[in-house]
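In this document, chain identifiers A, B, C and D correspond to the written order of the chains, with residue numbering beginning at 1 in each.
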Amino acid sequence: MLFERIDTECINDDETPWMPYTPYDENTLVKYFKIDPVRGESIVMLKSPPRGKKPKHHHTGTVIVYTIQGAWKYIEHDWTARAGSVVYETAGTVHTPIGVSDEATITLSIVTGELLYLDDDNKIIAQSNWKTNMERYLNHCKKHGITPKDLSTFAV
Amino acid sequence: MLFERIDTECINDDETPWMPYTPYDENTLVKYFKIDPVRGESIVMLKSPPRGKKPKHHHTGTVIVYTIQGAWKYIEHDWTARAGSVVYETAGTVHTPIGVSDEATITLSIVTGELLYLDDDNKIIAQSNWKTNMERYLNHCKKHGITPKDLSTFAV
Amino acid sequence: MLFERIDTECINDDETPWMPYTPYDENTLVKYFKIDPVRGESIVMLKSPPRGKKPKHHHTGTVIVYTIQGAWKYIEHDWTARAGSVVYETAGTVHTPIGVSDEATITLSIVTGELLYLDDDNKIIAQSNWKTNMERYLNHCKKHGITPKDLSTFAV
Amino acid sequence: MLFERIDTECINDDETPWMPYTPYDENTLVKYFKIDPVRGESIVMLKSPPRGKKPKHHHTGTVIVYTIQGAWKYIEHDWTARAGSVVYETAGTVHTPIGVSDEATITLSIVTGELLYLDDDNKIIAQSNWKTNMERYLNHCKKHGITPKDLSTFAV
């Protein structure tokens, strides 16, 4: 049975590859540690170019963001998230991220649910979720001849 | 501080009202027990007319459904959920519910995240989440002179 | 990969057996719908004899209780949970349940984390969690020649 | 109502203090970003001296650990978690952490549920949870004349 193989696991930095955030932004790099198809939770590292702006999106679940390097903000909020900060995003919030430092911004996020990208009239134009994350990961691995890990399992 | 007031709470059946599932379906009744604005989780009772069909929707998070009365199925699955059953819906699944019994179907659901209603081309045409649930609840209370409970808090 | 087999599933009432809540209480019956070894979440139906008292316990996580039949309370709280009610138990609370109706009480609970049973001095004397639930389930199946379902998986 | 004040928030590194992990280990420093009394989830930064060993403990829920600096392992596992790694700990696992680098190890953890500290016979000798975290935080603030933030709320 599945439970007999469930255990704590470590994924080191060099065991999972950086890849471009296709098709939205080839200059932003993303790296996946875990993509949970049961609850729709992804653990994601993001490397964004200095002073970049990302599209407005709506969150269907919570997001916890730890900033490793650089600094960024949401145009909807006054605060700036600097290296060492923790941002807790509650379900149903809308955000437009911008980088505010001269170096690349690197973050680690635990994302539950989906990001729904919005146009200027707040119409949904794209979805990001565990499925699109998994697709991006598998496509990248295939393209570069990398043997993919099964990031969807907690079994060892 | 908030934590000093957090405690276990009971909401009895007659302490929260039935209301029509406006604007989508006046014949389906809904009742809210908890609407959590932090994680986007709603605890919802639904009473659907016999042999009704509901629109196709995508789930951004998990849903646990306990069937109290009646029977229903998803056209995407072979099984039928009868009274006493538990359905566990995983994140990112798409469902079109239909009633399959001659009595009304009553269910209790713990819904995390959002329902994204889809048209025939799988385009998102409407969103259901903690905000739309809260809005429906508060509008119903206002219209009928009911003093609303704060279903969004775990403080007593 | 695991994600390719994850899907929504239904467990009907007659597809999972009642069993005594050994070794603590042979007169209370329990039935498992899901036992998740990743997050430590169990979906459990409980049938308790009329006017029974259960031992005091501490919750490490949340519990959502829907009462199907009967009525019960916690000696720590004033409210009574009747059929049709929803109780939301927050993490770190301590409870001593008693039945308050002349019929058996039947509840459905979504239990996250553990129940730590306490003696009169609030010392931990026993633990209940996904592992003890799974053990009870598998032992019961073995004893009665029932082929167990893999309640630990979300794969179909 | 509470939901009207719930919003995304940032806590920067210098907005929450380091404090010793009293009463267990004065040489390990801890810093709290969020202590959620509803679900029993804490977001915690830990700074452990080089090559330190921590007591064996059982987890009642999941823990996600991101390693910021240094390296560590569990004596129960073969892998070593180095800077940049993500460890996903499943519910019900038992761990004895040791530092394996010559510099201090700094980690950020999202801890759900409790740590139950165990003696050599696997008897529970202490509990760590949102309540003991909050107590440590408030005591430290009081002792050092720091005005505490309400880390238990998601309201702004």
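We take it that contacts are C-beta pairs under 8 Å (C-beta built on N, C-alpha and C of every residue); 3 or more make two chains touch, one makes a residue touch a chain.
Which protein is which chain? UniProt says A, B, C, D = Cupin domain-containing protein.
Note that this is a predicted model, so its numbers are computed, not measured.
With B-D and B-C as the two chain pairs, more C-beta contacts join B-C. Here subunit A and subunit D face each other with the same set of residues for the most part; over half of the interface numbers are shared between them.
Per-chain CA centroids place subunit A at a distance of 28 Å from subunit B. Note on chain placement: the centre of subunit B and the centre of subunit C lie 23 Å apart, centres being C-alpha means. Each chain gets a centre from the mean of its Cα atoms; for subunit B and subunit D, those two points are 35 Å apart. Touching two or more other chains at once are residues 6, 37-39, 90, 130, 154 of subunit D.
Within the complex formed with subunit B, the subunit C residues making contact are 6-14, 33-34, 43, 64, 66, 68, 74, 77, 79-90, 93, 95, 108, 110, 154.
Residues of subunit B that touch subunit A in their complex: 36-41, 60-62, 90-92, 112-114, 116, 124, 127, 129-131.
By the touch criterion stated above, subunit B contacts subunit D in their complex at residues 1-3, 6, 35, 37-39, 130, 134, 148, 150, 152-155.
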